[in-house]
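Listed next: structures, encoded as structure tokens.
After this come two complexes, each holding subunit A, first together with subunit B and then together with subunit C.
Up next is the complex of A and B:
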């Protein structure tokens, strides 16, 4: 590998630092901050950048996450791009303003380095903390490595600030395993990012700075009566923004990113060698990186296995799931949360489709429990066994096993 | 090495700096060898003074850093107490992380010579090295407990020569600009000269067997009590306590009656009682140091500055009861008096 000298723009940084780099490149003006491990490194890195004069922004640190999200909403309504990084308990603390942001159509971005819900007081990783917001009309990205965190953040700003979307977004990644893991990351040049990501402009109706307040308050008095009749229409618009326009904008943002920077992450989901796959591993987040290796290894042995990475939990990539599993006989769903959400979602997406595959839900790697390529291989073998016998039993199970001393990985 | 992957494991107590060290190592390996790097952190708990294990993988193909290191060629132990944890299998993750080293380099932060650490409690062949990094780092950095990561890095590179020391020190200066970086660089250079190396160590104590492999679902206990008395890391006399200093109280200065702000602010609920001025209580104070992690928050909030941190050994010499230096291993949890 030594023959290719690393490009000067490649930095070895952690997931949190990659998130901070992305915020810097997006020229955020407001940095919301409330410390909670493993997320706080994002805010700390941004403050260091400000000290070095690389970023012109203001830090808002308030008494809790709820206040910070409220401040972020207000800043965004004033036409300023902002960022905030929190997780588990912090997100739940901000429960109310999170919903408020979605239904007021305020495009805020929150980075989440996944962390388990309490009790016990653990700081280990678990997707549970954002998937409980699956019904809040937030866009949710799951990233597998620091490079994807950086790229996705830039894409996310582009998507949410589109006037036909205007929804908040979670950019999430595994706590510790991505947030504190050092990887080589290609940091794009500022002028390329400026070309890709236009400055933040609110539509005139939502721009609180350009707004005529006398007219606004007059309108609102009337509107608060009027919305009683239009509540359903409002919710319909939000749902269309997420599941209609949002879907296409996410794919377009990724394609445009590929055009400008030369790499993409597959829009709503990535299909990896699924064309003729008999068994497909369905993953989210950094489990996908390991699954991709395992697919390569098993393919080299002539076993038809593929991988589908669900990149956005919301909007859910229904079409991608269907096309990835069209030829498959078994889908093995690797859930990194205690409620088997992927299992529910994928099965719902497949319902009523012709030639449905067997679906095996497997809860794996909660709290940073080791997941080795040996484990992944065995999960795939379980899929082949189910394909052979035609029985997918048990439907959902928890995988406690870890590779032992002497096991070959 | 597995499939052309070089694996390095760092085991420390939180606050000793293995995560920052891992980041520096990853940067240096990428810069010098241009290979794919990936690192993984196994965090302890939210509190201070719990074990943290960091894994680095250097490979010719993109790294999926989601699992521990299974065949490390180098293990750096940031505190020699962790070797006793291995011996007693007191912490599954730490025990496995260290005892998976079959051959290669084991570097221990310890005041003793390498030969004094033998025999090691697991099968191991290779090089054993020690350096008193805590002492060096404390002297250069003036912090207690001292972060010893960069110091140990200097010692490790002096032995393996896997990376150019100068390159790593430049990264240290970039990461910690100013005096902190310079102090770390000086500490690393001193450690690289003072490291004691013992080659050709063969230790055959058998395999440490840890029940990290989980139980079958039906064998799991009916419920897990989420009680401070029984939770790992909070257990009385926990093996995970790592500290150099404990708070002591000068009774003559202590003037608050009945309410102690320090006690209320203690993040670990050590529940210490300042008895001066309370009628009927015996003189002196008692801090339940089994729980104390030496975070010195109590000292900072003490209204009359009656509390101060003193080295634990000195506190024992002065006859304060309830203080032990040896990490606690294996005793069953008991209710406090």
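Up next is the complex of A and C:
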């Protein structure tokens, strides 16, 4: 593995601070801000950087997330790189402009420290909040730790600003467990980041500031209401940008990142000891860390288990899933959301494939509920049991330890 | 400052040809706004950015953001221009529905004070969607969303219309005004004043041929009657204070208001008692304007 450049510094910072460091290194010019925990520390950190003179940017602090995302969209259409951080209720408040960003092909970046949807009003973690935007043609990265948050943010800007992509992106991570946990993080030097991430340039025909409005309004133009004759083509282009070019650019951005900084994250997904695995644990986000350790423990005992980390929910790593599970007999899908999305996606990816494994959907760790190494080991053992009996029942189940049973009334 | 008509080498600016109704006052107001903005800005060496969305305004690639978000769009644009070291006047033209759907957006952006001008073409309806009421629909007008109501106030909108121009002056606008394309010199002066005193907001009276139910060739007449009947008082409130820009003649209200109401199918259901309600409403509106003019008079 290549070494990190010598100019890299190691800082002990939280996931939110790592997101802010990445935005600083990306030289963002517009910082969207609206308060919501556990995400708003990203904006707060950036404001502190501005105060210290480390970042030349302006803050958008409007009345709610809808206005902030909208202002972020238009600023980006005017050729300026921007960032915003929010989650759960903030995202649904911005539901309208979030779709606008994708279908107007505006490359904006939003950090999401996952938080449960209401009710009840909870600030605990749950992947549900961005999963509900899986059909909005946003790229969605799920990060495991603060280092991946920083690295992915830089990669994400490189991907979305590619003129053949031009799509918005969520860079997500677990609320509290990643957003507020301090880890040692390698922070690259500005000059190395500048080499990796070029300045943001829109195609001239899309640059709002470059337009001559006097000339434009001085000509006769035909109405384009409804885009009736172009609608399907427009949507086709967006879909290709995400599932065609976007897929390729995500892999390339990660490979180039590894070349420059000596560290990569697997592109669309990470296959860990899956080559000869009989049971594969499929995860997203920070659950992958525990799964990886469990794989190592069980491997030490001679048990053929592996792990697949889905890094991008969109575009979904269909080929990586098929590759990781080609020889597996059982896949155990660890869904940190109440709709078993990973279960649905993986089953769809496997449909029609030869030698399909049994698929066990397991909903775990919602709201930060404990998921211990013993739990993870049990889930893997359940996979081996299914492999032995050939029965994958129940297909979906929820696994959790009852919290504070003694407190119940 | 020169008026538009005094500027040589005029160009004709147009909305997209979206099949707007013949004589559409909103279409006229939009074109006139662009005419003033582009020509005056050119005299001043400026290069304006204009965008927007609406029935008479048109929709095309220049629609920059979703419904009800044009003010935050202006904020994002102003900040981006600042970061790129570019100074261009920003003007947005849209309809009264934008204020309803984006009131938070509207007031929040003005409160921050970024310089831009917001012009709404107020046709008192979601006309393209079937004449649904907006916050600025006048009382007793028939709209498709309100079933017939109490005696004396049949079928329609019961509450006085919102006053977004007054509200926004209290929320950060440096200049707010009402205007009408029936009174062109007044209209032009206000667009110029709005460009000089940003952030500014101008609420333009733009009757709707279809939603209001009058013949296309009556558009200009109905628009003028809106002002002369007193139902659309013309005023401005900027750095120099609040003042009426077109005088209100109480003695003319009765006849002009009757003609204004009679000319529109949306008021076709009114009885004599309802017309008295409307007359009272017009006097209340104008009393409010007079009180504002007195309280915030130039130099006060």
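Criterion: the second predicted complex is superposed on the first by the 382 of 409 C-alpha atoms of A that agree within 3 Å, B and C clash if a C-alpha of one lies under 4 Å from a C-alpha of the other, contacts with A are read in each partner's own complex, and residues count from 1 in each chain.
Just so we're on the same page, contacts are C-beta pairs under 8 Å (C-beta built on N, C-alpha and C of every residue); 3 or more make two chains touch, one makes a residue touch a chain.
The model shown is predicted, which means the values in this text are computed figures rather than measured ones.
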item: Contacts of A:71 with subunit B and subunit C, given as first, second, both or neither; value: second
item: First (subunit B), second (subunit C), both or neither touched by A:29; value: second
item: Subunit B versus subunit C as contact partner of A:338, first or second or both or neither; value: neither
item: Partner chain(s) touched by A:264 [first = subunit B, second = subunit C, both, neither]; value: neither
item: Contacts of A:244 with subunit B and subunit C, given as first, second, both or neither; value: neither
item: On subunit A, the residue positions that both subunit B and subunit C contact, one per complex; value: none
item: Subunit A - residues contacting subunit B, complex; value: 1-2, 4-6, 10, 12, 14, 37-38, 119-124, 176-177, 180-184, 286-287, 289-290, 292-293, 365, 368, 370-373, 398, 400-405, 409
item: Residue ranges of subunit A in contact with subunit C within the complex; value: 29-30, 56-58, 60-64, 66-68, 70-80, 96-97, 100, 208-209, 211-214, 216-225
item: Interfacial residue positions of subunit B with respect to subunit A in the complex; value: 2, 19, 22-23, 26-27, 30-31, 33-43, 45-46, 60-68, 70, 100, 207, 212-217, 226, 231
item: Contact set on subunit C toward subunit A in their complex; value: 11-19, 34, 38, 42, 47-50, 58-62, 64-67, 69, 71-77, 79-84, 86, 88, 102, 104-105, 107-109, 112
